[in-house]
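Next, two complexes with chain A in common: one pairs it with chain B, the other with chain C.
Right after this comes the complex of A and B.
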């Protein structure tokens, strides 16, 4: 419950530092745009980033700002403010954190570098209800326009019917029209270019994943958590592509040199759920057992898990609609379960950790399904326990470590047999 | 037995309805949430059966759902695992909240005895492209119901079903209007039981009973009607206990905006030669569910209830982890309080902790 037991995660890659700088530059650009009078949009990552690129619209993403707040261990303060506004602890801690920061009378000087008040909100209901509802409060608070993009849930698996794609295209076009009405200029060529760059970004991400499958693992999920940032905020940009090219080169080198995160890797773990952003050091904690968290589902939280060949720059909106609908982060579980099973197999995972953020309506619902599927198809066990990755007030270091200790020790014991 | 007692008996013993329906080999289709069109199920010659929970503690479902999932949904799944819905020939869910979406995943994976289907409705109302999408989904659903029943659904049969269901809605609304009086003709708890019994029954039977009930109670005055008039809203309430609690504390539950009550009958379909289009528009030209958008529409509707039923205070009963209403109550609270005092209470679907609730409700009513 105190900040003393928490620690930032240890990163081992040079590119992680470059990505960190890109994050700061991204927010600096938004603040600069705001100062020049350009309206700032608050949105969510499953509204394709490429649309905002095509409109030259500065956008802050709800799934990222709370991470910035959380890594500085400030989430408890802002969550408290949201609770004072009437939001129950049952409501997603990410959203409470974001809401608290939005309505706070003042913010820490550090956060002011990242915070630009919204002028317009573009919300959606994919993947969960919180996305559309919490923004309503922000819109009321600032008295600003709010646009809702409705996304059908995926009940079709990988075979999305045309009428669903058409519907989502209409929804995305509606968002574009709304932003044009509010002063932005839409450039379809820029959208095509952005889709092209996104396709490249995900191809590179897949190549990166290819190297991350190596034993010993050249990159842990602590770096992965930073490395997924371009998928969130830099999709469809040359900067995102350049960062991933650099990451790929760095990993190629490490794999060629057989250089792993650990010298003596004995266990490979995957993390499902939100890791403690205020204490990413917990992911390094298992290293004392020569275990490494190789992969985390959260790295795919807003993309990167789809086949990039579905992206056709000549049909940009259709491609974006399709990729959003097949995304694994969907309230129906088929694609998510298949993806986790595939990842467990391909990354030679020995055990899956499922951390439950109790205020989340989405991820905890997958846990049992994934646990069963991974066990039945790969024979790999899962340990599920409570750990709110955003609300530092809920963190219990002793219990979290005890949960990890017992799971890792049991995995090692089975390996010895 | 008076008709109110008959309704209570049906509410307490829904199995009788099922047994009678199934005697002739007819099928029963369970459903949950308002975007599953009962008229299509009915037009295929089957009984649409709204699945409700019980106040029983959850047993098996907690090893599937995390305890942070809505307790109502966990309760439904518990009943399904326990084969309490074994009489259903199919279960149909729709795209409302995160918990119901996960119920679909769970049911589809772990309940072999009753197949589950998801109707994929838009959550954005008044949107032509949404109408088109929902129409496509409903055409698929119609085909599924035809295959399940072995009966063809014609435009005529669907129109008749719509007419029948609209009649139920009109009758429930007429009965509900008797609560507008200074001294209502029917109490909140009696009304909830009647409304839920009417939802459970074949409408061919419910409608004559409702007509009879309206006749019976239209000149009636409930006792203890001098307390503040309460609008009850929030998560699903499928048991009259919470309403009785408010009444016991001296409140008059003048109106309730619940899935088991007003939301079910507040609107009727608009005349339309194309019955499928009538259903599409019936569901997507209104925002009654807190999951849907625009939320302003729901706010206006609550205002309408406050005005029409002369409401003195609002109580939100939010089931723990019911995200739609937990959000809505926080978002609407300040605005609503400018109109009437509003109390938000977190409740367990299993009705534990009633003592604490009683104290808070009592304090609120005294304050009013």
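Right after this comes the complex of A and C.
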């Protein structure tokens, strides 16, 4: 495997380090539970984390494990193993990465700290159907039980009809029943508490976003990439809330002191698509032009893009069903497009960078819609280019930087005019 | 006021020396393994041709993939920005530029000053670039300069080629040749595939206004005719389409000098 030129993202916040430690502790706890004989669940981010909290079930989220692998530039190795197993290069690179990791005979010592083989799979079709098929392969490989949660595709926008919520509540209850059958104890009070903490988590996230809109930007998207982790794995936990309280305080201070990521911020950019997790330094690359990537798509497709007022602890499953269905990652283009346009306006974005991961069946389709909507409604240009954020083998540093150079140069020229 | 632009591309190095608003000299050489050396070599050649020395040049702007390794440049600017500026110098009414370089291809939209308003580059594949034509040239044993003309002289029918991958296209060409397909028909297929690919790129940035093609493939009449047909616009091509980026760099140099002079006053 050839080594590519990569650089880790430059973080500027103390809380990012705390979140990094929380990530390690999260996986260490799962490994410890496994050693004690507790079954480990592999699941996907839009199965509400709160359900696993209510069952005291250790769960690994399969859009996060590939990120852990990718940040250490190991994704190419595991993707190749999945391809050797017979998976096409057209299968999602995230899925190939966890598939390769799941079936690998050996894993690097670093990765062993994070890797706990699955005992149970809880799959879903939200946001993409192919994930459920990838999970079936893992279930077959390990000979373990598999449960599928069917989420209705949101064709209604932000107003989800009762019948859809009721259907998804039944699906979530089915997952709970399945896990109880496999030895877990369900505690409804804990679910209510978890919903309450989730609500607080998203309220804090929204407050954090409020401070991130400040000029100069107090936080880059490199920090944001780490900061969104609690939304994935720590939703409904006190630890998640505490981390966001700390982050909020840190940002308040920075904004009060007018302390930005850059001393002389000239451009504010947004990244749509998966940034190169193996080379997050690319997001810092534009800083030589006094440009900062203030926000990225990843930060709002991980389960926090909903109005927290919909969370009612007295109706926990209904709340979780509603928040999952209304999440912008549920494939309804209007929600996603509207959200990006709103973000571009509120964060005073000067340009949108769209990186296309060809093996994604969902996001590339949004690019054109978003490019047009952002230009028509806000007059902001978008540069779209190929960049697989997970498969390091596909990465072309020269071309990626050439695209960024040209785009930033044209934005600066427009500003001067 | 004498300025120079140096464009170190993936396949060729180019230099243009501009005196006020007139091209004094220009040169193109193949890019060697050392981009810095290529820049120096082509620059020295051009100086000599113009009867100038390095000290005579008041400002040098480098561009192209090798722009950052040109040790004697005062500033570097990306090739997309320079191509738009250069195309605007040759054809002030231009609003759409197709630059078909050695290893990549760009669709560029610009305003009346030559400022980039939108662009798109080809993805990580040489199928829309000069390198693909070089491969076909070798495979079909036809000089690059003759390929375009021959491709317009179809003997039987155009042999359709893959427009997605030059390596697969190579296999397809071999298949056609083994079947006895006439070389011209295969060349027509190669030019058509390239035109298809760049047309998609142009559609992405928006087809509108006066149109310029720059880069080496602008010399291939077979590709140019097919692109014109698809785009529905006549392509403006300058006397040497490979120097458009270097010229744009020299024009930027002049602009920078003019600003400096104005400030002093």
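The rule we apply is simple: the second predicted complex is superposed on the first by the 413 of 417 C-alpha atoms of A that agree within 3 Å, B and C clash if a C-alpha of one lies under 4 Å from a C-alpha of the other, contacts with A are read in each partner's own complex, and residues count from 1 in each chain.
Definition applied: a contact is a pair of C-beta atoms (placed from the backbone, for glycine too) under 8 Å apart; a residue touches a chain by one contact, two chains touch by 3 or more.
Small disclaimer: the values here were computed from a predicted structure and weren't measured.
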item: Side-by-side fit of chain B and chain C on chain A, or clash; value: fit
item: Chain B versus chain C as contact partner of A:163, first or second or both or neither; value: first
item: Chain B versus chain C as contact partner of A:403, first or second or both or neither; value: second
item: Touching partner for A:84 - first (chain B), second (chain C), both, neither; value: neither
item: Chain A residues touched - chain C or chain B, whichever exceeds; value: B
item: Which superposed partner A:189 touches (first chain B, second chain C, both, neither); value: neither
item: Contacts of A:56 with chain B and chain C, given as first, second, both or neither; value: neither
item: Partner chain(s) touched by A:307 [first = chain B, second = chain C, both, neither]; value: neither
item: Nearest Cα pair across chain B and chain C, whole Å; value: 5
item: Chain C-contacting residues of chain A that also contact chain B; value: 384
item: Touching residues on chain A, where the partner in the complex is chain C; value: 381, 383-386, 394, 396, 398-399, 402-403, 405-407, 409-410, 413-414, 417
item: Chain B partner contacts - residues on chain A that touch it in the complex; value: 85-88, 90-92, 125, 128-130, 132-134, 136-137, 140, 148, 150, 152-153, 155, 161, 163-164, 166-167, 170-171, 331-333, 356, 358-362, 364-369, 372, 384
item: Touching residues (chain side chain B, partner chain A) in the complex; value: 63-69, 95, 97-99, 101-102, 104-106, 109, 118, 120, 122-124, 127, 129-130, 132-133, 136, 291, 293-295, 318, 320-324, 326-331, 333-334, 344, 346
item: In the complex, chain C residues that touch chain A; value: 65, 77-81, 104, 115-121, 123-124, 204
